[in-house]
Amino acid sequence: MSYLGILDADLPDLLKTMYHIRAFEEKVDELFMQGAIHGTTHLSIGEEAVPTGALHALRSDDYITSTHRGHGHCIAKGADLNLMMAELLGRESGYCRGRGGSMHIADVDAGNIGANGIVGGGIPIAVGVGLSIHMQQQARVCLCFFGDGAANEGTFHEAINLCSIWRLPVIFLCENNQYGMSMSAKLSMHVASVADRAIAYGIPGESVDGNDVFAVHHAVWQAAERARAGQGPTLIEARTYRYKGHSKSDQNRYRTRAEIDDWRARDPIVIFTEVVRARGVLAPGADTQVRANAYADIEAAYAFALASPEPQVADLLEGVYA
Amino acid sequence: MSYLGILDADLPDLLKTMYHIRAFEEKVDELFMQGAIHGTTHLSIGEEAVPTGALHALRSDDYITSTHRGHGHCIAKGADLNLMMAELLGRESGYCRGRGGSMHIADVDAGNIGANGIVGGGIPIAVGVGLSIHMQQQARVCLCFFGDGAANEGTFHEAINLCSIWRLPVIFLCENNQYGMSMSAKLSMHVASVADRAIAYGIPGESVDGNDVFAVHHAVWQAAERARAGQGPTLIEARTYRYKGHSKSDQNRYRTRAEIDDWRARDPIVIFTEVVRARGVLAPGADTQVRANAYADIEAAYAFALASPEPQVADLLEGVYA
Amino acid sequence: MATVQVSETALSANDAALTTEMTYAEAIRDALKLEMRRDERIFLLGEDIGIYGGAFAVTRGLFEEFGAERVRDTPISEAAIAGAAIGAALTGMRPVAEIQFSDFMALTMDQLVNQAAKIRYMFGGKAKVPLVMRTPLGSGTGAAAQHSQSLEAWFAHVPGLKVVMPSSPADAKGLLIAAIRDDNPVVFFEHKLLYRVKAAVPTGSYVTPLSQSAVKRAGQDVTVVAFSIMVPRALAAAQRLADEGIDVEVIDPRTLRPLDDTPILESVKKTGKVVIVHEAVGSGGFGGEIAARITESDAFHYLDAPVRRLVGAEVPIPFNPNLERAAVPQEDDIVTAVRRLVREGR
Amino acid sequence: MATVQVSETALSANDAALTTEMTYAEAIRDALKLEMRRDERIFLLGEDIGIYGGAFAVTRGLFEEFGAERVRDTPISEAAIAGAAIGAALTGMRPVAEIQFSDFMALTMDQLVNQAAKIRYMFGGKAKVPLVMRTPLGSGTGAAAQHSQSLEAWFAHVPGLKVVMPSSPADAKGLLIAAIRDDNPVVFFEHKLLYRVKAAVPTGSYVTPLSQSAVKRAGQDVTVVAFSIMVPRALAAAQRLADEGIDVEVIDPRTLRPLDDTPILESVKKTGKVVIVHEAVGSGGFGGEIAARITESDAFHYLDAPVRRLVGAEVPIPFNPNLERAAVPQEDDIVTAVRRLVREGR
């Protein structure tokens, strides 16, 4: 049995992914407040449906490129929560041995080409991944995450154009969370949807409800089919919202409480849970168990990270060159 | 009396402009062949209708930003041919005192913000000119020339987006001469026309016959009206062709003789001359006199340049800082 | 703004007699505010500089005073920000652009280096490009490799640019006013860790001239050349070394291009020993330039020890705080380096 | 290419016994061809490198041999070229990108510096980025300010990058093969005026290791450190100076990062005098780094004259040929500088 293209049997797992993301972000938020994590961070609470739906549409050997707001992408791609949390705490056991932190989590061998601290910085890299897939005649695709703000960087244009002429298997997925830091997407571009820009490259473009796992899944699935069939890239916009500030330093001066409340009323996890309940794939109340397990997993990851050693200062110079 | 928006009385002048451009380019070609000019050059023979029509649609205090293939823009903007030729010969009397050469001719005070050796390099600068006009509440516009190849640079995207949200009085005029150096525009982008990209910025886009002075004039005139009315930028593609190689080193390996001949059969000066004749604004045979005068002007410019001194080596360090 | 208004009254240096305690960030804001009040051609553009007040809150309040026309939030388009500043500067305006982190200057290099820096010369001296690019640099905030670089050496290598790196609130204000009034493209590097440093700053408008190195502490035994965040670290180190009887002279070039090297050479002639300190990666860093200026001049003959550089490690800045600290010179490192040089000097 | 084929046979150094006369451009083409035959993962991308054969004809004939898949013409999108190379390198390919003029590297700085150079370190050493960016630099062709720069110092300042500047056909071939086989991002600067220089080049495949400075001429009296086009100029100058009885040692670092400074230091210890020559603008140029390496090492104690830099003028490269020549060191300038240093040295 399936619903809108997703097997009923997969629904619990997807719910788990969403809770993992939320729980991870909440924990990170808490740790930052406590000063237990260094630097800055960009949380994706409220945006969980996008990576959850998108990655479910792909195969495990497909690639992703991610962004500064990348914890959700990483989790949905199947990352080890322990290694993620260890990275955020700057531990030697982290994905990047504590050298990268929140903005640079990557796991290239597993297909996560990395978060990126440069807005738009990962978009041209996705072209190269697509090219590599094409030249090696693989059946893979590369899913390129980026934000509405990144859609105004020159790299967006150059990269999509290049993929369009070379018909590379890349899916450009814009997480339009309505703001690039403080700037409303309504003010930063003079089009209704980032997907409208697909026309400039002669490729399909689609705008979907980014708080709906099914809608995101469906659009990405179709795009992946096209990509694997040699029909080139697709541009998808997923409309969503971040509940928290842009980063640690945000004072929320540029948006209203009412707007935040409106979006919260359409919470992606709540919406998804309703479907799960309606499909009856979980025993009544079992969804709260999924939730509880997810939060417990994050606590375990935190414990793992805490127990992990810090890098040795003597190793500072290690790993610059291969 | 006027025809397609251009006063009959202006036709002889426009013919003169076209011949000035052609004669200038032919002279430059000859001088390069002789080794009398240093460096490289990019000739616009075959493309004369674009700057001629475009600049006729503007006022003398409007601005332009130009490109590496900028002699025609400069001439149509009303430059002094002597100072141009002197610049190409690297003389102290040249527009840039011999420091710039073909790729950097500029006359900022007169509204020519400069040729540019960087493909796409002038496009963001045009934004700033538009912004300046806007902030100083002037009635001017800025016409930004660029090529089909430049339409794939990131700067194209960033700049047009910025103008679109700020509704700046900038006209983006793409001279689509079918090639970016050796790459066919058909291969470098997956859309039929550069003007299709206007949709990505929510601005008007139009593709016109770039070998037709009237068509170019009309499109630019409309765009200028919109710009002066505070309605923001327009993207225009003018379809044209360069007869000569991309630059000095071109061996023409990427296009066919037949293609070149097809375009030569639609020579912009021939087409325009037919209209001038049909309108009867010149005595029979007077157009050949216009032509002869234009060629003579160029010879005079060459003589001026030759008679001008070279810069002093002792002045090498002068003019870096204001 | 139909006609441009420039009030020259604010140019008087008399107001500068009084001082106020303020942070480096506040001093920069003060400079922007005073200059914008004086000259309507000056405007700001950059990402999140309006309502948000800037990623480091430097422009906070300016949007409220000067409005959206003169405090322009831009999309995330660094090359276009730079280009817009250039085009505006060429046609009568005086833009001050903010690039949110100096690492993103990498996206503006063509506009800044191939356009802004060269336009005047390429155009035969017939145009000017009066713009300022303000941008924060440096590590120490846990922002890792793409948000912590010190790339001033790139810009200091480019004729046509001026490069300013203030190390104190008072310098930040006076140098920024000078940069805004300068008719050339100026890259103005602010250090993130300095933003909250507080000190006395002269009230009102004043200019600290560009290309004037400052002796931040006079001393007889050894010269320390330092800029940006390394100046306060060097001064703190000098204080400690004084207790050991080592008298350190600290010179802050403040402007790296065009560099005023005379005070550095004079100091080295006096002390015979020099340590050059910067946060940027050593190889290819500006310390090499300073060292070469010394050893190609007659100061060479006064040196009684090798020229010492104390500089950033040859790594991208790591995230982990211990590694991050170890990657750049700290106060202790300066103390150790000076001590060793003095002991070893023949 | 479904499965990647790497033939190791071509790795044998035996073929290198014979030599052929060829130009620097041909030597580079030969390296590309041999490597592409050996390893299917290697491919080229860049503007006009296919049918056109490259702006400087370096890739001519490769499109015909390897086809459009492996010799990829790109649109004019430098940042995307760099990004495409990075993404491909991260996932099993070995791209060699061409940027048509090194001035346009300014458009790739974010991808190259913030991405390629840092990825390995930021990712905890768990990824590699084996790519080469080939690009021509230098003046002398009348192409003026935006097509004539020598910006190698920018790249030499970036940990994670390797920076190579061959000065002869044989070095160009061996170093390019080494660069292609290297698992790091390598920026490979070719000098436009060297493209037509002809010399004997070993036949077949061979590697000239990166980070090995070469003594291009042994001498006793004075050390000249030069790279790229300045090496043949220095050698010609040395020849003339030999007639005057001045015995010049010419050292070519060849790789600026990571720099092998030992031969330079050894040479200075022997001669006690050094002239560093480069085309790039002096201030902030790599000559400062070399000078600093010398004067912070024990070679300092062997110096019997100030360290001399003979470098590009502090201007954008002008168009006029006389000005253009005057803006960078010529053979005569090297002769004069060495002569003066030898006479003045105490």
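Here the chain labels run A, B, C and D in written order, and each chain numbers its own residues starting at 1.
Just so we're on the same page, a residue touches a chain if its C-beta (ideal position, glycine included) is under 8 Å from a C-beta of that chain, and two chains touch if they have at least 3 such contacts.
Computed from a predicted structure; not experimentally measured.
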Longest centre-to-centre distance from chain A, chain (CA-based): B
Selected interface, B-C versus A-C, where C-beta contact pairs are more numerous: B-C
Whole-Å gap between the CA centroids of chain B and chain D: 37
For chain A paired with chain D, centre-to-centre distance based on mean C-alpha positions, whole Å: 40
Shared-contact residues (touching 2 or more other chains) in chain B: 96, 98-100, 104, 116-118, 121, 152-155, 158, 161, 165, 187-189, 320
Set of chain C residues in contact with two or more other chains: 74-75, 77, 79-80, 103-104, 107, 110, 114, 121-122, 144-146, 159-160, 258, 314-316, 318
Chain-level touch network, classified as line, ring, star, complete or other: complete
Chain A-facing residues of chain B, complex: 152-158, 161, 164-165, 187-191, 196-197, 199-203
Partner chain C, residues of chain B touching it in the complex: 63, 65, 94-100, 104, 106-109, 113-114, 116-118, 121, 123-133, 135-137, 142, 154-155, 158-159, 161-162, 165, 318-322
Interfacial residue positions of chain C with respect to chain D in the complex: 103-104, 106-107, 109-110, 113-114, 117-118, 121-122, 144-146, 151, 153-154, 156-160, 256-259, 280-281, 283-292, 294-298, 300-301, 303, 306-309, 314-316, 318
Contacting residues of chain D [partner chain A, same complex]: 1-2, 4, 43, 69, 74-75, 77, 79-80, 82-93, 95, 110-111, 114-115, 119-130, 159-160, 162, 183-184, 258
Complex contact set, residues of chain B against chain D: 38-40, 90-91, 96, 98-101, 103-104, 116-121, 149-150, 152-154, 180-183, 187-189, 249-251, 253-254, 310-311, 313, 316-317, 320
